[in-house]
Amino acid sequence: LTQPPPWGINTNIRLTLPVVCFVWQIAMIILFGVFIRYDEESDTHWVETKAHENITSDIENDFYFRYPSFQDVHVMIFVGFGFLMTFLKRYSFGAVGFNFLIASFGLQWALLMQGWFHSLDPHTGKIYIGVESLINADFCVAGCLIAYGAVLGKVSPVQLLVMTLFGITLFAVEEYIILNLLHARDAGGSMVIHTFGGYYGLAITWVLYRPNLHQSKRMQGSVYHSDAFAMIGTLFLWMFWPSFNSAITDHGDGQHRAAINTYLCLASTVLTTVAISSLSQKTGKLDMVHIQNSTLAGGVALGTAAEFMISPYGALIVGFFCGIISTMGYIFISPFLEKTLKIQDTCGIHNLHAMPGVIGGIVGAITAAAASESVYGKQGLINTFDFTGDFKDRSVLTQGGYQAAGMCVSIVFGVVGGAIVGSILKLPIWGDPADENCFDDEVYWEVREPATHHLLFTIQPLGGAIVFDLVSRDELQSTFERYI
Amino acid sequence: LTQPPPWGINTNIRLTLPVVCFVWQIAMIILFGVFIRYDEESDTHWVETKAHENITSDIENDFYFRYPSFQDVHVMIFVGFGFLMTFLKRYSFGAVGFNFLIASFGLQWALLMQGWFHSLDPHTGKIYIGVESLINADFCVAGCLIAYGAVLGKVSPVQLLVMTLFGITLFAVEEYIILNLLHARDAGGSMVIHTFGGYYGLAITWVLYRPNLHQSKRMQGSVYHSDAFAMIGTLFLWMFWPSFNSAITDHGDGQHRAAINTYLCLASTVLTTVAISSLSQKTGKLDMVHIQNSTLAGGVALGTAAEFMISPYGALIVGFFCGIISTMGYIFISPFLEKTLKIQDTCGIHNLHAMPGVIGGIVGAITAAAASESVYGKQGLINTFDFTGDFKDRSVLTQGGYQAAGMCVSIVFGVVGGAIVGSILKLPIWGDPADENCFDDEVYWEVREPATHHLLFTIQPLGGAIVFDLVSRDELQSTFERYI
Amino acid sequence: LTQPPPWGINTNIRLTLPVVCFVWQIAMIILFGVFIRYDEESDTHWVETKAHENITSDIENDFYFRYPSFQDVHVMIFVGFGFLMTFLKRYSFGAVGFNFLIASFGLQWALLMQGWFHSLDPHTGKIYIGVESLINADFCVAGCLIAYGAVLGKVSPVQLLVMTLFGITLFAVEEYIILNLLHARDAGGSMVIHTFGGYYGLAITWVLYRPNLHQSKRMQGSVYHSDAFAMIGTLFLWMFWPSFNSAITDHGDGQHRAAINTYLCLASTVLTTVAISSLSQKTGKLDMVHIQNSTLAGGVALGTAAEFMISPYGALIVGFFCGIISTMGYIFISPFLEKTLKIQDTCGIHNLHAMPGVIGGIVGAITAAAASESVYGKQGLINTFDFTGDFKDRSVLTQGGYQAAGMCVSIVFGVVGGAIVGSILKLPIWGDPADENCFDDEVYWEVREPATHHLLFTIQPLGGAIVFDLVSRDELQSTFERYI
């Protein structure tokens, strides 16, 4: 009988985790008290706003335009990302639980950071929030959850919280540069969410490289039921991605078109993912890793262009290539990254987020540059690219250039930010697991049942056998000692 | 080899369960035939109503204000409550299945009971239902599902149906007293749903106390996968709680604000739950029981005040304390309740519903009493507290008092009602399981695979071993007899 | 130790599956390029449409009437149908994964087929799509997913894609005949979706009859966790069925009423399903097969009449009988179909879709024939049955006749179409599994963990025992060879 694994003081987070949670949550309360207020559509003065702005019906409240999309996005963040990461045989608690923790902190910090950069009222010094703020906060959190995928199973919850604190901060800055300064469009976040989040996570895991990770090889990979759980995550992400890409686009045709484009693009991705996955095996068998992940690449890649007039067949084409490229990423690029570049990417976020995000940025730049009044209509073009105010004379070609510039910004923020944050996370104070204990929930969770079952037999002189029920490790130990 | 457990005639529900289902369902059909009709927004005469009331668009139909929230609430009732209770290692069928059964009956009975008390037309003698009625019926059912949590695994489905019949009845009465007579506000039901449901369940399980419940200790607690299933329930409750608390609040800012407040409050709860859970273990490990349950306490506690101008930081503060108190409840209070007060509370509803519900009532009373025209605006104050008709001169202080009175009513109805219903359920006619068979699906469900796997070896003279696949109990028995 | 199963060249789909996926997806892109465009509500010209049609608010865009329902339907298609079929002990990947694949292809083909038949603009030769088109495409896919239920575990993914290609094609034709030529009403698709899909699948599985299917008996049936997974599917179907039946009904009261009727009908079905299930066992135990499936029959049966003034108690009555009939179908009719008619129906779609679909068609015909101006109002009657244009003089009695005719059309299309498609699928080129390998994910999926666990003991001379962890089949083999 093997001894229980010798993890000890180093993964003890009994001091750090509660302190971080308490202090940061109290800081949130204070900062919210100073800065955050209801906006005019969620304040009881809405009745006066309505009268003042000649709004005839409560249904004009932005709540009714965006709340269904918000709830879909919310499900993607907590169930989608959470369960997608449960594929490991013994890391479901960490996948769902830590995802839950960092998203809950992150959305609060995001409301502040995004508020300061995007909607701080210069007169009152307050940030006014409504349903669109909640969606943006969830979006912001998505960037950090993507990064979590790269380090899944190899870090402590305290490290994850630190990673989230800096991740949200960097996100708000790059988002401000891309959307406000460069005036690039990125409603579904191919650049600001996926490209940034992907490279942020990859840079962190590169800094945190573990040469002896093979010592926990027994815990890597999936078991049958964990793959089924992961499909819950995959499907809720896949189904609700049209809501994700349309959640903050323009009222009316903007939301409508973004949903249609994403729906079509994702359908196309599924077919090419299946094709490549089947091609990759001698007998054409499918691999759940590909089905769970690459089927989603189309949604990532349409994040920028979903609201554009990319046209239905254009959406299908994007999905077509994303399914191929992402699946090939899992087959060829991930092993290369691990062996050659020393990037250990647990969930393959390079193939699901970083690379499709870059594709999305390029698609967005090209389709923006190719936009024309004949397709969009005069007012449609203005509305779609928000060619108003300082930007009313911008040409579509210039817009295409700024879209491409935006993509570079998101990559730079991801790589540089991730490298710096990775160095901070390398300090030996965060309680991360030893190489041989990675990917194991027993490090940070009370697991009532051991990872493997044991069965004890005592052999009777006459060749009979006594059968015991499957027992836990502790019960086994004591029975063992009693009988043998 | 142990004998199959000796449950017998006493858990046979082949007569009672079908009879109750048939008779009650037929009664529902008759009562619906006599009383229930479509309201003017779901009737084909809507086209005339529109013309008559100068409604310009179909989008003004209440359906479009409330249906998305309704569907979220519906998911909470059936998937949320159902899967939350699947944490036990061998009671998933009972958790999800009986939840399904009693909710399906309960919502019909609730439509009638709530209709009689709240919306019976005095001229026609009919109850007119629309989407808001469906939401209220689901809310009413929630009270009984909370109570189910206390007795999970220890009662028969017939007992659950009886508990639901009386629970819905009591609910409708206390709701009428609190909302109509006392004119208290309680949109998300801290008092009418959670406090009532919590104490109702606790009183029932107190009456049904089983001194020898330790005999089924082997079936208590979770296994790894059952905890993962329970997180599905937790997350769908957590994500959709903003819809729950905003589902029947005022159109426009009311729904908008309630959703924002609940969203923030729940995020805050997660951090303090994690902090206390980690503090409670020697090495700071987290406990899934806390993560599954206490993270939801903030939603319960904001049920009353969600539509008030509690302000974003106020919502965070409520969540902050609820996470602490609820988690401490699981650590300290539940063992005390069980040992000292003889209250066996399977799911810990005291910590998730009863106690946070009371907190919610208090928060509601205080925030109501502290409301002011300067914060709410004149019309906003009237709208929020519905200071119209008989109540147009009520002051906010008086309102605070009536809120507190409402909370007392819900406690009294829960405790007294639960004690009486518990006594009825104690009659030896309901087919409840023996102490040693509690928490086991095999009592009421055809389980094709036994709870534990067995493996048979026959020992060859030369020391070899023959390996069999894992087999069911029956197969094992016969193989055993053949070989040994 | 048994040898690994001898499947070989015949289930190799490494050529056929990728070829079909690539070629069909490219065909979709070309056809979309030629035919599919955004409709006026999802096009950037919406701003001009609004001005032109005096639409005052973006909220009048059909997106806001139908998108929440669309997302619910989308969840039913991918999570509902997918997880409902995970009940088999070792076919979760195939259930969820192939469901994912064929739905993703099917919805693209459905947009084209339905577009050509229903919305091809004669002047431009284009099909204009919006959110209602997406819902209809999902509906169309549902018919094929129903058929998948009959052949679950017995066909290859290539066969499924072929089945879907023809299924969608047949669907679009029968739908055109029923809805346009006969002008029958069928908003929730009792006839066009469920009856057609049910008989289509039954006819296919009848042609593909496997006399030696008992050779894979060990893989049939469920295990405990697979039943819990299946309940995820059941509940998401059950909860969102009100959205399914109301998704494309008239704005306003039409959607409102359809949702209420379906909600009530399904609640009633649960009680009678439980009653009959309990009656069917000696000790009144419940059977998960019934709870997972028959509880949904009410939604199927109200597909046609959901938008009619069937009245709340009428909906309860339909649900009452559907629960009884469907559960009895599982108990009595399925064994009869298999033994006598040689129809092997893995999921029992006869009891969940075909039979309740026919009931739904009959209920629709009767309630249509019984409609009256006194109940509906003059304009309400016209709106509900769309008595406009060529059909403005049709009487309700005539309408009832055409409804009945529609049902016959759907049966004929299902049976004849299924028989023909079944014959095509019988060709020995599709890589379907051998009789002994049915219902096993290892045929088409890389399964990292074997289906059964093994435990190896070596017996020490002195009667001691060495305990190994549970190991995979391969590890076992090598250990076995080493020790014994």
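The letters A, B and C name the chains in turn, as written, and every chain counts its residues from 1.
One rule holds in what follows: contacts are C-beta pairs under 8 Å (C-beta built on N, C-alpha and C of every residue); 3 or more make two chains touch, one makes a residue touch a chain.
Chain-to-protein mapping (UniProt): A, B, C = Rh family C glycoprotein.
Please read these numbers as outputs of a predicted model, since none were measured by experiment.
Superposition angle, chain A (Rh family C glycoprotein) onto chain C (Rh family C glycoprotein), using Cα atoms only: 120 degrees, a multiple of 5 between 0 and 180.
Where the sister copies chain A (Rh family C glycoprotein) and chain B (Rh family C glycoprotein) meet, the same residue numbers recur on both sides for under half of the interface positions.
In terms of their C-alpha centroids, the spacing between chain A (Rh family C glycoprotein) and chain B (Rh family C glycoprotein) amounts to 31 Å. Within chain A (Rh family C glycoprotein), the positions touching two or more other chains are listed as 59, 64, 68, 225, 232, 453, 455, 457, 459. If you check the complex, the residues on chain C (Rh family C glycoprotein) that touch chain A (Rh family C glycoprotein) are 11-18, 21-22, 24-26, 28-30, 32-33, 36-38, 41-48, 50, 57-59, 61-64, 67-68, 71, 74-75, 78-79, 82-83, 86, 90, 92-93, 96-97, 100-101, 104-105, 107-108, 129-131, 134, 157, 225, 229, 232, 431, 443-449, 451, 455, 457, 459, 463-465, 467, 469-470.
Of all the residues in chain B (Rh family C glycoprotein), the ones that touch chain A (Rh family C glycoprotein) in their complex are 1, 56, 59-60, 64-65, 68-69, 72, 89, 221-225, 227-228, 231-232, 235-236, 238-240, 242-243, 251-253, 255-257, 259-260, 263-264, 266-268, 270-272, 274-276, 278-279, 281-288, 291, 295, 309, 311-313, 316-317, 320, 375-377, 379-381, 383-384, 452-459, 461, 476, 480, 484.
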